[in-house]
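Listed next: structures, encoded as C-alpha cells.
In what comes next, chain A is part of two complexes: it sits with chain B in the first one and with chain C in the second one.
== the complex of A and B ==
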C-alpha cells in the first residue's frame, strides 16, 4: 500500500469539493425560479427569467463543476500540475458563484449594472483560470486524445465566455449587435465547442475506467475535438460573413459530430464488462439518448428552419441538452468521483484500509436521486407543451432532484470526515 | 517497442482504480534491474508516470488503434 502514497500530490480534497457542493444549490435556485414564475417563463427562449434560470444551470451548476473538476483532473489525466490549487479554487469559486448570481439577478430584475458586473466577474475569473491552466499545460505534449481535447476545450471556453460577456454588455449598454445570431453562437461555443469537447476528452478516460467498457478507438478520438472546434469556427465566420447557409451547415456539422460521438459511446457501453447497471451507467445512458434526440432536433432545424419558429422548439432543445444530457453526465460522474476522492484522501491520511466506496456513498440514495432527476426531466419536457399545468411542478421537481444531489454529496463528505477524525485519534 | 513475455504483462484494461496501479507496483517489485514489464490500459496513467520517474524507472508509451495504451516500463 505504500505505493498509494504517491497520490499525495493530488490537490487537497477541499479544492474541487467546494464547487461540487455549491453547484446543486444553483440548480435548486433555477428550479425554484421556474416554480415561482410558472408557465410564463417558457413562453419564449428570450424571456429574461428563463435566461436567468438557464445561466444558473449552465454557469452555477455546469461550469462550476467542470472547472472544479478540472483542478482535480489536470494532474491525473494530463500530468499538468496547477500551482497552488487551493488558492486557484478559492478565487475561481468566488468569481463563478458571484458571477452566476449577478447574471441571473441582472436578467431577472432587468438591471444593466448587474449584467455588466456579471460580465466582469465571470470574464475575470474564467480568464484567470485559463491563465493558470494554460501555464500548467504549457510544455505538456499532446500524447493522448484526452490532452489534446482538454487544450482545445479550454480555448473554446475562452471564446464562449468572451461571447457571453460581449452579449451581457451589449444588453446592458444597448450596443447595436446582432444579438440573436450572437446568442446562438455563444450557446454553440458554450455547449458544443467547450462542453462537447470537454465531455469527449473526459469520456475517453472515465467511460472505460468507471463503466469497464472497451476504450474509444484512437483515430476518431483524435478527430472529434478538432472537428467540433473547426465547425464552431466556421459558424463564427459565417455569422461575421452574414451567410445564413454557412451558419446552418456548421450547426448541422456540429450536430452530426455530436451524434456520432454519442452513438459510439452507446456502442462501447453495450460491450461493458460490469453486469450491474449502476447509477452512473443509467445517468450516462439517459444523457446520451437525450443528446442524440436534441442533436437530431438541431439537425432537422438546419434543414427545415421553419420548425424553429415554434417558441417551444429551442426550449425543448435546451431542456434536453442541459438537464437531460449535460446534467446527467455530470451527476453520473460526480457519483463516482466524490467517493473515489474521499477514499483516496482517507488512504493518504493513513486510514488504512480506507472504507469501501459504497460505505461513503451508498447505492440506494443515489438511485432515489436518479429517479427524482428523471421525474424532473419528464415534467420539464411536459411543461414545454403544457406550461400552465406543469411548469411550476417541473420547477419544484428540479429543485428536489438538485436538493437530493446536494444531500447525497454532503452525506458522503460527512462520512469522510468521520472516518478521517477516527483515523487521526487512532 | 519490444514486448515482454506474457507473464510480464499487466492487462489492467477492465480493472477499476486503484487496481491497475497496485498491480503494476507489485509486478515492478519482482523485476530485476534492466528487466521490463508492460501495462495495458485505456488511459495514460500520469500519477503512475510520476512514481516511475521518482523511482528512476524509464517508460515508453504507444497508443494502439483500439484505444489501448501500451506502457513499457524498465526497472
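== the complex of A and C ==
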C-alpha cells in the first residue's frame, strides 16, 4: 500500500543518467587497456591486465547501468520507491566508479592494498544499495514474474558481490582458498544468477514493449529466475562439497536454462509487429545469438572438460557473453530508455509538446555506433585466435564503439537541455 | 470470474493489436490503411481511458479515499497520451511518415509503461479493494468498451 501511494514519483533524470553517461567511459578504458597491452593480455584468463579490463566492463559498464536503471525501474514496474533516489544515485555512482577503478588498478599494478580497497568500496556501496532497494521492495507483492525476478536478481547480486569481495581479499592477503573454483562460481553468480535473472525480468517487460511481440508465456516466465538461482545454489554447494560432478551438472543446467530463454526470446522477436528493424532489435538479435553460442560453449565444456584447457576457450566465452551478449542488450535498451526519459522529463517540465524521441536521438548515429560495436566484437573474437595481429586493433575498436555510445547519449542529453532551457524562457 | 485485472489487461492487448495494425500498414507502405488503423486504435484507447476515468477510478477512489494518489497520475498520463494520439494522427494526415514513427515510438513506450503500472499495481489493488463490486464493474466496463 505504501508503495502504491507514491508510484507516481519517477526519480529525477539526473539519478539514472549519471550511470548511463559514465558507463561508456569505463568500456572505453577497457578497450584502451587492451590496445596498450596487446596480444599478451589474451594469453590466459588469469592475466592481471585482462582481469582489470574484464572488471572495467562488468562493474564499470554493466553493473553501473544495471543499478542506475534499477533506480528508474523499481517505481515503474514494482511501485517500489527508493527514499531520496538522487542521494542514493549519488553515493552509489561514486562507490561503483571508485570501486571499478580501484579494482582495475589493483589487478593492473598487482597492488594488494588497492584490491582490498576495491572490495571495501564495491561491497559497501552495493550492499547499501541492496538495503535501500530491499526497504523499497518490502511489502511489495510479487504480482508479476518481473517483480519476482527483480527480487531474486537482487539476492543473487548480494552473493556475486560477496564472492567477488572474498576473492579480492583472498588475492590481496593470500588466504588459502580454492581461487579458481571460487572465481568460476563468482562469474556464474554475477553473469548467470544476477545478470541472467535481471535480464529475464527486464526482457519480460521490454521485449513486448519495444518490439510489439507477444508476451512471454506465463509459466516459463515464473520459472526461469527461480531455476537459475536454484542451479547457482547447487553449484555453490558442489564447490563446498568438492564435487566436480555436481559443479559440472549445475553449470550445464544453467547453460540449458539460458539457452531456452534465449531461444524463446528469438522466437518472440520473430513475431514482432513493428514496421522497421530498429537498432534496439538489431542489438538484441546479436546479443541473443552470442548468448546462445557462448552457452553452448559452456555446455560443451561441462561434457568435454578438456576443451577448456585451451587458454582461448574461456576468453572466447567471456567476449561472447560480456561484449557480444550483455553489452548488446544493454546498449539496445539504453537507446530507447534515454530518449524516452528525456521526452518524459521535458513533458513534465512543461515543454509541450515535447520533441519526439527521434528528434532527441536520431536513428542514423545509433546505426553507425551499432556497426562500430559489431566490428569491435568481430575483431575481439579474431584476437583470441590471432592475438599478436589483432588484439591492439580490437582494443581500439572497442574504445571507438564505446566512445560512439558516449557521444550519442551525450548529444541526446544536450538536445534535452536545449529544449528545457527554451521551455523555461518561453 | 473475470477479474478487473484480467478484463482490463485483455483490453490493453486489444489496443496493442490495433496499434500494430497501423505499424504493419506503414511497413507495407499503405498510408491510407495506416490512417484507418490508427483511427481505430485511437478510438479504442479513448474508450478505455473513458471507462477508467468515469467508472473504474471513481469506484477505487470512493472505496479507498485516495483521490490524489495513483489514479490522479494515471489521469495525467492519459492526457499525455491523448496529445500524442493527436500528434501521431496529425503526422499521418500530413503523410509525414518519419514524424509519425518518432511520435509512435514515444507513444508506444509511454503506453506500455503506463499499462504496466496499471496491470501490476493498480488493477490488483482494484481487485483487492473492490472485490464485492468487481463483477458488476467488469460488466459495466464491458458495456462501455463495446459501445465505443
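The criterion applied here is as follows: the second predicted complex is superposed on the first by the 418 of 426 C-alpha atoms of A that agree within 3 Å, B and C clash if a C-alpha of one lies under 4 Å from a C-alpha of the other, contacts with A are read in each partner's own complex, and residues count from 1 in each chain.
The rule we apply is simple: a contact is a pair of C-beta atoms (placed from the backbone, for glycine too) under 8 Å apart; a residue touches a chain by one contact, two chains touch by 3 or more.
In this text, all values refer to a predicted model and were calculated from it rather than measured experimentally.
Look at chain A after the overlay: chain B and chain C clash there. With both structures placed on the common chain, the touch criterion links A:275 to chain C but leaves chain B unconnected.
In the superposition on chain A, A:340 makes contact with both chain B and chain C.
Using the contact criterion defined above for the overlaid structures, shared-chain residue A:359 touches chain C, although it does not reach chain B. In the superposition on chain A, A:208 makes contact with both chain B and chain C. In the superposition on chain A, A:141 makes contact with chain C only, not with chain B.
Of the two partner chains, chain B and chain C are each touched by A:78.
Shared contact residues on chain A (touching chain B in one structure, chain C in the other): 3-4, 6-7, 76-79, 143-144, 146-147, 205, 208-210, 212, 273, 340, 344. Touching chain B in their complex are the following residues of chain A: 3-4, 6-7, 9-10, 75-79, 143-144, 146-147, 204-205, 208-210, 212, 214-219, 221, 273, 340, 344.
Looking at the complex, you find that chain A touches chain C at residues 3-8, 76-79, 141, 143-144, 146-147, 205, 208-210, 212, 273-276, 336, 340, 343-344, 347, 352-353, 356-359.
Per the touch definition, chain C reaches chain A in the complex via residues 16, 19-20, 23-24, 26-27, 66, 69-70, 72-73, 80, 83, 87, 98-99, 101-103, 105-106, 108-110, 112-113, 116-117, 119-122, 124-125.
The residues of chain B lying in touch with chain A in their complex are 13-14, 16-18, 21-22, 25, 42-44, 46-51, 54, 61, 63-69.
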